[in-house]
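Heads up, the next two complexes both have chain A, just with different partners, chain B and then chain C.
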Partner chain A sequence: MIKLSIRYINLIVLTVFVLLVFSFFLPYLFPGDLLTNITGITPETQQQREALEIAFKLDKSIFHQFVFYIENLFSGNWGVSTATQQSLKTEVALFFPATIELVVYALLFSILVGIPLGFIGGLRHHKGFDFPIVTFSIVGYSFPVFWIALIFITVFCLQLNWLPTSGRLDLLYDLPSVTGFVLIDIALSDIEDKSAAYKDAFRHLILPTLAVSVVTTALFARFVRRSIMDVMEKSYIIAAKSRGFSPWQIFLKHGFKNALIPILPILALQVSTLITNVMIVETIFSWPGIGKWLIEAIYQHDYPAIRIGMLAVSIVVMILTISTEFLTRAIDPTREKVEHATF
Partner chain B sequence: MKSYLANLSRILIALLLCGCLAACEKRDIQHIKNAVVYCSESNPSTFNPQLDTSSTTADATAHQIYDRLLEFNPENGRIEPGLASSWLVSDDGLTYTFQLRRGVEFHTTAYFTPSRSFNADDVIFSIERWKNESHPYHHVNGGSYPYFDSLGLADTIKEVRRINGYRVEITLDSPDSSFLANLATDFSVMLSAEYAMKLLAEGSPSRLDRYPVGTGPFKFVQFRQNQFIRYQRHESYFRPSQGIDQLIFDITQRSSLRMAKLITGECDAVAFPSQNDLVVIEEREDLSLYEEPGLNIGYWAFNTSKPPFDNPEVRKALALAVDKTSLIDAVYLGQATRAKSIVPSTSWAYESGARELGYNPVRAREILTEVGLPANFTMDIWAMPVQRAYNPNALKMAQLIKRYLEDVGIEVNIVSQDWNLFRQNLTNGFHDSVLIGWKADNGDPDNFYRPLLTCDAIPSGTNRALWCNKDYDALIEQALLTDDIEKRRAIYHKANLLIFEQFPLMPIAHAYQYQATRADITGMEINPFGGISFERVKRIQAIQEAEVRND
Partner chain C sequence: MALLDIKNLSLYIDTGNESIKALDKVSLTLDEGEIRALVGESGSGKSLIVRSIIGALPSNWSIKADRINYKGQSLLGMSRSKRREVMRREIAVVFQEPTSALDPSVNIKEQIKESIPPELIDKKWFWQRSKQREQLAISLLHKVGIKNHQRYLDSYPHEIPTDVSQKIMIAMALASEPKILIADDSTRGMESTTKTQILRLLTKLNKTKKLAILFVSHDLLAITSMSHTMTVLYCGQTVESGKVKSLLKRPLHPYTKALLDSAPSFQVSLAPKSPLVALEGTIPTLQHLPTGCRLGPRCPNAKKDCVIAPVPRNIQEHYYSCHFPLHLPNVKKADREVHL
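Coming up: the complex of A and B.
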């Protein structure tokens, strides 16, 4: 177990290092002025340029610059965005929670809906309720996320006029960002009518969450359905049946656990897909998350922001993936034989 | 198994119900808070319109946060008292004396509490900042004042003098009949000298243009790039009104998304509705559309500093090769009038008999052969990447022109870039020709003739033809020396002839201006002389409620 942990930590450290090296070289590869690409500041005078070059160690060797870059990253000094002249750390701290929030809701939805659907489909396969579930999972899996999002907007916002098309909360609520999670921030804020604010936040949540989770829910349902079908044909289930257990007891005692454990890593891996999809949906629903922020940074050639945004997103996705992999490995004894840490 | 199904259906029903319930209470919050959400098209580059001529900046600041000494009446273009309650012009037209309004309060915000009301020091500070290069604030935040620079106003004004606390005297070097109009434009805002001095003492003068303090109907609360600008009503505004309490600019760059938000009610009003959406807006009962002939011009400018475009004959041949009527039909969809000269028919200087070039590709080809243009000549057409009333779809227009020019044997390369970069490259003169336009900031025709084509307007980046003609400049100067409209008209007639002969640009169209709002919003008049104003905007329901309470 300790050996395993060390291997995983090792993997994280190595990957982070590779990402750091890559992100360090990005501004050298971007077009334009290197100094602006790194600092986000366009010097107005020659003195200012020289002062900045010294401050950012551009007069020293590339190795010095790299060490300086790492030091700055870890001390929280991430530079400023060329477009807004705001500290990138503040910006990432402002936008990332919105993405995480959407990921969490979409994941919860996918788990709460996708897994039960998979069980129903698998247990009743090729009968009544299985067909709509299979249809949903194939259709849901096949649609591109951005297309679903647009259809949702057309139907629920423009035609039925039920739900808002954009944002996290009506702009009229002047909500200070404390944790960055809208629902928690409302609880912490001094807004007078909190239930109205919650309702408003909820209305903004519905469509983006659904749009992101359609694909994941469909995938979850497919995996779970396949897995439970396999498990229910196992001999120990037949043995249990012959001993007179009710189908319900069999499912709870044997089916549930045995069907889920082998597919947990597959499900966990979907989280990174989910984050990617969230970033797409964010731009469509103007959800103020890191995805929308990055797309805008790309559009505005805001290289310091692209570098930090890319680094932040990839590190989060990577750590999430590796740690879920580690957790499933830890709870699934059959995989202990595999010693090497992998993605 | 049944219980799963039951659970599932319960969840689904609950979700649907929530959706419906939520839907029914949609617009309440806007009413409770008596607020208006305006979906604007982009980020203002600063919160001080002295520093920028872009209409995005003017919309977000000029009439919300600030006031001017004088104001235009949006209906007839007459100059009316603003912060100056009256003014006097000397007989020689050189001295202007302004009597200032008393008791005008500056905004009290989280970052500044004023200790005195508006007075002569603020006027002097606001003008000296852009006029006087040795002023401590002149170089703060760029030091470029494009509107004033393009008009050369800093050189026209000789002195700004304080007579007493509420009286200011401005002396000019030469008479300028558009001077009062310039003081009423979006750019001539009055800043707080007290706030500026406080910032200077704190060593953070650049905050002046980012955390603005003015006397206008709304005070600045918060700005988040690409997201929103939040304003709050200025309670002690000098023109008391029963308007809204909160104003929010929801920054939405895509025009389709702005339209969607207008339909769902997330926005109460939108900037620049696209031509295709106008029909939809007119059909819907819950939306209203306002239309007004705009003080603008869309044109095709040739870079006259670059061969072969330095030859007027080439420029004319290019214009002859293009059928203007079909451009107008295809791009403006009937929402514009054909432009003969650079001034629209709403201006008194409009000349209905002005000469213009028709569509004559045969003649165009003849000219091109005469001047000896190479057979496979290739040129760039730069198409502006943003929508403006004066050119709602420059890219499409460029493609049409490309096809016309192919007929006379010219290959066209269409260039489009990020808006800020685009404007910068135009100022650097990298283009061959560009499709762009101009929206006037005041009702005076000088506001078309001077910024579009004079020599001074080249470095300040409004003369996209980079055309510099001393005769033309002399005419434009001459037109300002008199107040007699007939005399000025005669001078502008000469200028029109000169433009026609030299042909630095091809005038295309004067577009109508549109504004779309929800039906329960009133008081959003289109201001042809500048940025949008929310001072008199109200919600109909809020008005009704107030009436009920009064009864």
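Coming up: the complex of A and C.
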């Protein structure tokens, strides 16, 4: 087990290194002035340019520049945005939690709704309740995320006027950003009417969360349904039936785990799709997350921001994927524990 | 009274556009302390009979039977929970391919512990009960001849050799102290030494515990050495059944004779270089079943009458279903009736 953990940590470190190398070379490949691309500052005079070149070691070899880049990254000095002239670290710290919040809620929703739906459909397949589940999963999977988000806004915000269209919280609440997660921030803040603030935050959360999780829920339900159907026909389930166990006991002790283990890596792969979808939905709902921030950076040719944003998002996705892979490897007894780490 | 009594069991498989009669009026009895062999080629429906007894049928299968009785109670008529109770305490099944009949994600210890019925545990607290279950599990493993239980208790099914898994399956079957053990081709694909071990184990259990065994196999050699009675199955029809001795001595059905002839070790006076006897053709697929006696197209004695399914006849507990059995002169049925 320790060996396996070391292998996976090793894999994470190596992948991060590759990502660092890639992101280091990005500003050299971007169009425009290399100095601005790296520093985010547009020099006004020749003297200033020379001073910046010396400060960012552009006069030294590319290897020195790489070491300098890594040193800066790890010391928290991530450079400034060309557009806002703000420190990128504070901007990422401000916007990333909003994305993570949405991802967590959407993922929780998909797991808590999609997996039970899949089990119900698979256990009762081709009977009663299975048909609406299959219909939902096909229809839900076929919706483009951006389109369903727009439909939600049209129906629930503009026509029925039930829910707010954009943002995370009403402007009435002046919420200081401590952790970046809106629900935790409300708990930490000294707002007078906290329950009203919670209610408002929930109302803002519902539509983006639903819009993102429809696709993922449908996919989860599909995979789980298929998998439990296969498992219930395996001979160890028939053997368990021959021992006279109750259907509930057979499902809990033999069906559940065996159905989930083989599809866990596939479900984990969906998480990265989910993050991509969240970034799209953020733009539509003006959710102040990293996706919206990155798209704005792309519009404004804000190369330092693109570089850091890409690095942050890809590292999070990569760590998430590798750790779920590690988890499935650890809990599946039939997987070899000594082979190389993969993802 | 027979422990297990199956009369005219038919099993239909609904393929969507037609209904296939996979088992055609199969009859079978199993007495207390008896080892009955159920013999037939692969595809003859042996496992279907086992599945029908267990009651674990896919939704597109349906069965019809005059009776499937266990100790006089109808298995088909009883409630689901009652039937589960019977399966849990009285009838145990050992499947073919033991490795796939064990749950791959649970270790052996837990699986054996799970198969011990709660009535056998008398301790009060859950940790004591767990301890007792574990001890019972270990003693079960010893019973089936696994001495180094520590080596296997914490292993998962894929880490265990097939013969040991089969012994573990037998141990799990014995956990509930059943009256009947159904061995569904349990020695398939095993080496001859391990096969002998399993067979010896089953014979021993039959002698010491009066365990009735329904031994399903296509391995004639193994069967004749251990069973008391034998039922021969061809293509979902019972062909002949009776005591092993009388079946071997004088088979009445052409199929039984062909089956015995195809195994040279049963022929004492086999001259060197004499040709091996075998039936022409192969067992028909489920989609192309002949009407009447299903052996018809392959049978050396087949006549016009064979398109009607023969009624089982009986000479001294020796049942056969054939219009033209080997002990009667091979003439047209109508003529024979005059002759008789």
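Keep in mind that, in the parts below, the second predicted complex is superposed on the first by the 339 of 343 C-alpha atoms of A that agree within 3 Å, B and C clash if a C-alpha of one lies under 4 Å from a C-alpha of the other, contacts with A are read in each partner's own complex, and residues count from 1 in each chain.
One rule holds in what follows: contacts are C-beta pairs under 8 Å (C-beta built on N, C-alpha and C of every residue); 3 or more make two chains touch, one makes a residue touch a chain.
Owing to the predicted nature of the structure, the values given are computational and were not obtained by experimental measurement.
J.: Given the alignment on chain A, is it a clash or a fit between chain B and chain C?
T.: Once both complexes are aligned on chain A, chain B and chain C fit side by side.
J.: Report for A:49: first if it touches chain B alone, second if chain C alone, otherwise both or neither.
T.: The answer is neither, since A:49 touches no partner chain.
J.: Of the two partner chains, chain B (first) and chain C (second), which one does A:241 touch, if any: first, second, both, or neither?
T.: second
J.: For A:253, is the partner it touches chain B (first), chain C (second), both, or none of the two (neither)?
T.: The second partner, chain C, only.
J.: Between chain B and chain C, which makes contact with more of the residues in chain A?
T.: Touched residues of chain A are more numerous for B.
J.: Looking at A:83 after the superposition, I want to know if it touches chain B, chain C, both of them or none. Which is it: first, second, both, neither?
T.: first
J.: Of the two partner chains, chain B (first) and chain C (second), which one does A:226 touch, if any: first, second, both, or neither?
T.: Touch partners of A:226: none, neither chain B nor chain C.
J.: For the overlay on chain A, what angle lies at chain A between chain B and chain C, C-alpha centres, nearest 10°?
T.: 150
J.: Quick check for you: in the superposed arrangement, does A:57 touch first (chain B), second (chain C), both or neither?
T.: Neither chain B nor chain C is touched by A:57.
J.: Quick one: smallest Cα-Cα gap between chain B and chain C in the superposed arrangement, Å?
T.: 16
J.: Residue by residue on chain A, keep only those touching chain B in one complex and chain C in the other, then list them.
T.: In chain A, no position sits in both the chain B and chain C interfaces.
J.: Under the definition above, what is the set of chain B residues touching chain A in their complex?
T.: Contacts found on chain B: 1, 4-5, 7-8, 11, 15, 18-23, 25-26, 28-30, 33, 35, 37, 221-222, 225-228, 230, 246, 248, 250, 252, 257, 260-261, 263-266, 418, 421.
J.: Enumerate the contact residues on chain A facing chain B in the complex.
T.: 83-84, 86, 112-113, 116-117, 119-120, 123-124, 129, 153, 156-158, 160-167, 170-174, 196, 199-200, 202-203, 206, 247-248, 286, 288, 296, 299-301
J.: For the complex, give me every residue of chain C touching chain A.
T.: These residues of chain C touch chain A: 51, 54-56, 58-59, 81, 83-89, 91-93, 95, 97, 100-107, 114-115, 156, 158, 169, 172, 176.
J.: Once bound in the complex, which stretches of chain A touch chain C?
T.: Touching chain C: residues 126, 233-236, 238-246, 253-254, 257-258, 261, 332-334 of chain A.
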